[in-house]
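Here chain A shows up in two complexes: once beside chain B, once beside chain C.
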Partner chain A sequence: MIELRNVTKEYGKRKALQDVSLQFEKGKIYGILGPNGSGKSTMMKMAAGLVFPSKGEVIVNGQPADRSIARDVAYLSSEGMVYPGLTVQQMIEFFAAQHKDFSLEKAEELIQFMSLERHKKVAKMSKGQQGRLKLLLVLSRKAPVLLLDEPFLGLDPMVRDTIVKGLVSFIDFGEQTVIITTHEITEIEPVLEEAVILDEGMVRARCHVEALREEEGLSVLQWLKRNYQ
Partner chain B sequence: MTEEFRTSKPIYRQIADRIIQQFVRGKIAPGEKLPSVREMAIQSGVNPNTIQRTYGELERMDVVETRRGQGTFMTEQIDRKKQLRIEIQREMIETFIQNMRGIGVEDKEITEAVEQFLAGKEPSEND
Partner chain C sequence: MFQGLLKKDFLLIKNYFWLWLIAVLAIYGAGLMFATYYDAFALVFPFIFMIYLFHLVLLPMTEMVLLKAEEKGQYWLHSTAGGMRLLLSKLVVALAVFLASLVLTDVLALITLNIANVQEYIHIPGRSVPYREGFLLNGALTAGALYFTVWGLFLWTVYHSLNAYPLLKKVRWGVVIAIYVAFQGLAAKMLEIPLIEKWFASWTVRVSEPGTQAWGIGAMSFSVENGAIQIWPIIVSVLFHVGLFLAAAWLLNRKVEV
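This part shows the complex of A and B:
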């Protein structure tokens, strides 16, 4: 479980997050929505133990999130993460050496699933291939927490579709807690259980995806738009 | 591509409706084994919990049967299939009638229009 307790993060005078309290239950899939600069990435970096709150606490699996939490958290960052000079195979070996929970068996299945070429260098790969490689590296870990920061950024609809199918195929539902930040809601919506809207560093709204349709006849996208009217 | 879902109904219901439709149309045979929850989730691009709900709902409706350790199977009861066919017909008629009334067509005109359509004639202008 992941919990933010009255978390504020200040970068100089700018507040990236303002008194945010949120709980993410074990085994569920959450979507974090909101415009650029709403605090989504800051929140993810905090849950990954890479950024610390100015006020409040971030608790991951019962302990305050710090560098050591990387053991329990597989984090897909929107920037960096893969090295241009390395091949797919070398990236896998690098990740396997860094993380005890990395499953080479799962990585093999994912190479097939994501149609990646083992000996291709990252530098020679398209954005879509790099996006798929990043997901492979994260999904190969049997970590209790998966944090995916903008996994669809700059990818075309076909690749987004493959990524959604990859998530459904390889996530251990009920065991792994997954938080996904995204602008591209359409493909991922049927996979999410709950969605949260962040806006200017604050929680603007929160919903259960199926209940939203059942009770209000709205998709998450429509709900998101309604919250900005 | 993953299919798209309408917003007016929960996704688990839409998938249940689709399975019933396929059953009535004969695309799924009585007694046929349905994909596992995970397979179905991958095919549809949805959360496996959603499929779990779909199968649960279909079981409550006596449309599928879950056999422990074997999976989920379409009902073999032909009577149930006949009932489902009638239920679907009713829903289609209801939608059609509501739409026709919605554009101000009188009930008598609706029957006439349907008869004419079935006879292969163009709709006439009454006003």
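This part shows the complex of A and C:
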């Protein structure tokens, strides 16, 4: 479980997050929605132990999130993450050496599934292929928490579709907690269980996707638009 | 885990490493051509000394290339390795590159010295290859390069720690330079204190004939006075730079944010 308790993150006078309290339960898939600069990435980096709160605390599986939380958290970053000079195989070997929960078997399956070339250098891969490689590296881990920060950024619809299928096929449902930040709501909606809207560093709304559909007859996109009307 | 970090860091620098070794051979080759053109074999030696001097910047430059590779997104911090192992891996790989290059330069220098000695192109006292001076040169270059590298690591982490403070972010370079200058000033003042001078002179090891010589750079320098090396400054310097490395690792763990 991930818990943010009254978390504020300040960069000088600017507040990236303001007194945010949220809980993410084990085994569920969450979507974090919101415009650019709303604090989505800051929140993800905090849960990954890469950014520290100015006030409040972030608890992951009962422990305050610091650098060592990488043991329990597999984090897909919107930038960096893969080295241009390394090949797909070298990236896999590097991740396998760094994370005890990395499954080489799963990585082998994902190479096939994602149609990646083992000996191709990252620098020579398209943005879509790089996006798929990042997902491979994260999904190959049997970590209790998966954080996917903008996994669809700059990718075409076909690649986005592959990534969603990858999520559905390779996530351990009920065991792994998955948090996804994205602007591409339509693709991800079928797999989401709950959605949270962040705006100007604050939680604007939160919903159960199924209840929203059944009780109000709304899609997540419609719900998002309604919240901004 | 550490092996994985070493392998990754070597892969990041591999191409630059080969390029550098080719550059060393090219500079040496240029020296040979120059010497042949002017029909003076001794003219190769300035080129060899130039290659040796380049080693002072080779280690810190390698370190900076390795750190630069992590700057985009700073994803490397998402790791259970901790700041010390992350930085140590880079230092070890950079040092391996440096030593490989230094050995290559030593081999070139030895070949050249032997040719020059046999053909009597230069005067060498006693006509024997100056191995002891060579070891001292290698040691001084390694110590000097390590000095710049450890300071570089520390100041790099200070620079990135200031990212979280928008007011200081604009003057980060100024802060980094100020820290270095302030330390150098402080060290110089401390070295003028008679008590410290006396303490440093209290343990010496004789290595050569009487006379005064100095090796190294800044706080990493050591001197041979009347043929003797002062040991305390070396110990203090090593301890200080280990402390600086640990401070860099602490900053990387606790203060550098993405």
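Following the convention adopted for this analysis, the second predicted complex is superposed on the first by the 229 of 229 C-alpha atoms of A that agree within 3 Å, B and C clash if a C-alpha of one lies under 4 Å from a C-alpha of the other, contacts with A are read in each partner's own complex, and residues count from 1 in each chain.
As a working rule, contacts are C-beta pairs under 8 Å (C-beta built on N, C-alpha and C of every residue); 3 or more make two chains touch, one makes a residue touch a chain.
These figures come from a predicted structure and were not determined experimentally.
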item	value
Joint occupancy of chain A by chain B and chain C, clash or fit	fit
Chain B versus chain C as contact partner of A:157, first or second or both or neither	first
Partner chain(s) touched by A:80 [first = chain B, second = chain C, both, neither]	second
Touched partner set for A:119, first chain B, second chain C, both or neither	neither
More chain A residues in contact - chain B or chain C	C
Partner chain(s) touched by A:29 [first = chain B, second = chain C, both, neither]	first
Chain B, chain C and vertex chain A (Cα centres) - angle in steps of 10°	160
Partner chain(s) touched by A:168 [first = chain B, second = chain C, both, neither]	first
Chain B versus chain C as contact partner of A:51, first or second or both or neither	second
Closest Cα approach, chain C to chain B, once both complexes are overlaid on chain A (Å)	28
Touching residues (chain side chain B, partner chain A) in the complex	1-2, 4-5, 7-12, 38, 41-42, 44-50, 53
Of all residues in chain A, those that touch chain C in their complex	11-14, 45, 48-52, 66-68, 70-71, 73, 75, 77-81, 83, 85-86, 90, 93-94, 96-99
Of all residues in chain A, those that touch chain B in their complex	29, 157-158, 161, 164-165, 168-169, 173, 186-187, 190-193, 209-210, 213-214, 217-219, 222
Interfacial residue positions of chain C with respect to chain A in the complex	1, 3-5, 7-8, 11-12, 14-15, 69-70, 72-75, 77-83, 164-167, 253-254, 257-258
